[in-house]
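Shared between the two complexes below is subunit A, which pairs with subunit B and subunit C, respectively.
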Partner chain A sequence: MLSINNLETSYGLIKALKGVSLDAAEGEVTCILGPNGAGKTTLMFTLSGIIKPDAGSIDFFGTSLTGLAAPKVLREGLALVPENRLVFPLMSVRENLLAGAYTRNRSDKDEVEADIEKMFARFPVLKERQEQNAGTLSGGEQQMLALARALMSRPKMLLLDEPSVGLAPVIVNEVFAIIKQLKEDGLSIVLVEQNVVKALEVADHFYLLDQGRVTFAGTPGEMENDDVIKRAYLGGG
Partner chain B sequence: MNIDHIDVIQALIDGILYGSTYALLGLGFTLIFGAMHKLNIAYAASSIAGAYVGLASISVMAIPPILVFFIGPLSAGAIGLVIYFACFRYMPTGNQLAPLMASIGALFFVDEIIIHETSGSPLSFPALLPDSYFFLGQFGIRGDLVMVMFFSFVLMGIVMFLLYRTKLGLATRATSQQSVAALLCGIPTHRTNATTFVLAGILGGFAGCLIAAAVGVLSPLITLPLTIKGLIVTVIGGLGSIRGAIIAGFLIGSFENIFLLVRGVNERDIYVFLLLFVFLVFRPNGLFGTAIDRD
Partner chain C sequence: MSVYVASILTNMALISFLALSAYLVLVVGVVSFGQQAFFGVGAYVTATVTSIYGGHAVTGVFIGMLSGAACALVLAILTVRLSGLYFAISTLCFAELCRLGLLQVRAPFDIDGRTTGPDGPEGFSNIRWIFEHNYSVQDFLVLTTVCLVALLGLLFLLERSRIMLRARLVGQDSILAQSLGLRPILYRIVFVTLSGGVAGFGGGLFALFNTYIEPNMFGVMLGVHGLAYAVIGGLGAPIGPLIGVAIDIGLLESIRAISAYRMIAFGGLVALLLILLPQGLISPRFVARMRRWRKLFHV
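== the complex of A and B ==
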């Protein structure tokens, strides 16, 4: 499991995370909610080693990830699907998937190929477009590709940063169907999401992040009964 | 002076043959620009410096002169790595000007070292195929320039293979297109960029040796014109376009030889630089520039 303790991260003089503590259990979907600027993406970038924290600790299945560089974090089995997908626009869909398998050994070549076929089975649209440059895909297709690319490293836990942002409702449903499938397959997921209604369908635990601090932690039931969250996120009076 | 079509075609042949070295330099500039989205102005100077190290080692040690074509490129690769660490690796990523100015500084630094060590005088350089000259119909062909072109194509082929058929190339292209995503895929982007500088350096070292072999001498006077021509090739080809850099290299080579024929050696470069302005005004993205930026 992933255990974060008092994590602090800053951009220059601005402190974006002011002591965040949270746990994400194995086999569960842990959802992090929060308004824009709450520090969600900073948290994802700190966890995956893109940004170094000032203080605090990140523990992942008994290994400390605190301050590790991104490639090492991935090798420990923690993969991030970043906000806005960030596919490699001038590389084909297949090459994007191969890049996702970068940390795997050359001797795994056959297994990597088999995994690519598995991705094509899970995301049939990627199979159709496998020789096409990723930059020519639609937003939804790029999201599928970013997901598949992260899965190619065979992670123990997947961090998903706002996978539904900017996508049409039909596509959002598709993305969440895939998240459900991945959960059923036993993958642990940390989901950053603004779409609370959809998040409620999959999440086992919720954290609310506001101005760099965790202001709520609880189960979906507890969250639905919390007056503040109800008003802010679920539109209830 | 009377210029007939035979002269023009002869100039074109020589220009295209010699232009292959410009294509190599343009390819090196483009590789580095692709990796960091920054220009390394010191590139041509470090390429020539590599050729100098090769030349120095064959004159100091009792080894066959042909080894200059191995030691030169390898030295240029090492110099490329030094330039990477000195001018690019630790510069703030958001600051475009800092590495640009640093690499301009490195250009003059390298140039001054060469001038200091050689007292500024040109040194003769071993030819690839001495005294080989043959006729193809009415046109005279310099055998050594054919060799220059041959080796240029071999090198371009190797670079293409590395870029599009190997894991290293995949990492290089991924880093170039989306460096954050490359990190998230586990690609050590700093090491990948360092490797690109070494590879581009080796390529430049070869180009430097081939140019020196074609001219017959190595002189510190050629670093600045080569820098500018390499940049022109890169811009005309379209910043970041490998195909463009190669085609533009041949284009500049033939252009400059036509102007050499028509207007003489004193005016030649004026027209080459004019061509740069024509492109910047009418086709600022170059021949194959893409509108796709990294997001």
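== the complex of A and C ==
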């Protein structure tokens, strides 16, 4: 499980995270909501080691990830699917998947191949297009590829940064169906979303992030009954 | 082969080293306007080793290459946190710093009745290794070509390796590369250092061939040309920058009728290519397509 305590991250003088604490339990989907600029992506980058925190701690299955560089975080089993930068467009679908296995490639080639076949079974459209340049895939297919590529590192927990952004509603449904499936397979997921209605379908726990602070934490039921959230995210009063 | 043709071809081969060094930096996703500094450092160090200390040309060029790489390593470490435009500006400043620094170095030596050694703006004259060892222009062309082909061979090997593949991932999207567990900083330091070595090597050969060098030869325009060759040639394969060189020097400068208009023609060509083929002639996309065709062909 992932446990974050009083995490602070800044860009120069601007503090983006002002003491964020949250827990993500094993086998659950933990959803982080928040408006633009709340610090959601900063939190994802800090967790995955792309940015270093100023203070606070990150604990992952008993190991401290605080201040670790990205490759080490990934080796510990925490993988990020960043928002909006889904694939390497000039590389084929297969090469993109192989890039996801970067941390393990050398020793177990056969297993990597087997995993690629597993991904093709889960995402049939990727199998059809395995030799195609990833840049020629549709937005939804690219999101699938990004998910599959992150899974290639065999993570214990997946960080998904707004997987539904910029996708057509039908495709959003597909993406969430996959998230549900991954959860059923026992994968722990931290999901950053703005689409609260869809998030309610899969999430076990919600956190609301606003201006670098956690302003709400609770179950889906508690969230649906919270007046502020109802007004801001679910519409109506 | 006439001396004229041989010297043009040698110059093309020499500037190719600079273009390839610019290519190596572009691969990891940053732009350098300072490769001429490593070229110049390589030239000065090679000249010093051969003319003042009486070293062999091979020793000289080798130490020149190491010096270029060392300078590049220093620059890469100093600029490790800079991105895009800021990196480009700092490379330019670094190169100008080197050039202006060399203008201040005055240490002329008198060797066998001839003045040699760096002498500020007067330059470094009497780099006589190729005269003393009876190399003709044609011989030197062969030597330079062999070195260039060897370098291309190494680069093609590198191109097939995982290192290059990962460097290209870093160059395409460094955040995404990090999320896959790569260290963009490491790749940048390694590739900028390699580029310094390649430029330093070319600079060393340049000093031997030219027999006279001065700091102002290694100004911004030299670097801009090297960069332009890499950009119009494309980032798909190391052969790209050489095509850039061939177009500019081979075509434009060598045809005497138009050589006076070379800069205008070349500038126009660069502008046109950037509009029509922003990825260059041998773009990664082109290479990917070729590979796919070749695969189809085999199947």
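Keep in mind that, in the parts below, the second predicted complex is superposed on the first by the 235 of 237 C-alpha atoms of A that agree within 3 Å, B and C clash if a C-alpha of one lies under 4 Å from a C-alpha of the other, contacts with A are read in each partner's own complex, and residues count from 1 in each chain.
Simple rule for what comes next: a contact is a pair of C-beta atoms (placed from the backbone, for glycine too) under 8 Å apart; a residue touches a chain by one contact, two chains touch by 3 or more.
This one's a predicted model, so the numbers in the text were calculated from it and none came from an experiment.
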item	value
Three-chain arrangement built on subunit A, subunit B and subunit C clash or fit	clash
Contacts of A:57 with subunit B and subunit C, given as first, second, both or neither	neither
First (subunit B), second (subunit C), both or neither touched by A:92	second
First, second, both or neither for A:3, with subunit B first and subunit C second	neither
Subunit B versus subunit C as contact partner of A:215, first or second or both or neither	neither
Touched partner set for A:173, first subunit B, second subunit C, both or neither	neither
Touching partner for A:131 - first (subunit B), second (subunit C), both, neither	second
Contact residues of subunit A, present in both the subunit B and the subunit C interface	48-50, 69-71, 74-75, 79-80, 82, 88-91, 95, 99-100, 102-103, 149-150, 153
Subunit A residues touching subunit C - in the complex, by the definition given at the top	45, 48-50, 69-71, 74-75, 79-82, 85, 88-92, 95, 99-100, 102-103, 105, 131, 133, 149-150, 153
Complex contacts: residues of subunit A adjacent to subunit B	48-50, 69-71, 74-75, 79-80, 82, 84, 86-91, 95, 98-100, 102-103, 106, 135, 149-150, 153
Parts of subunit B lying in touch with subunit A, wherever the complex brings them together	167, 170-171, 173-174, 177-178, 180-188, 290, 292, 294-295
Interface residues, subunit C side, partner subunit A - complex	162, 165-166, 169, 172-173, 175-176, 178-183, 284-285, 288, 292, 295
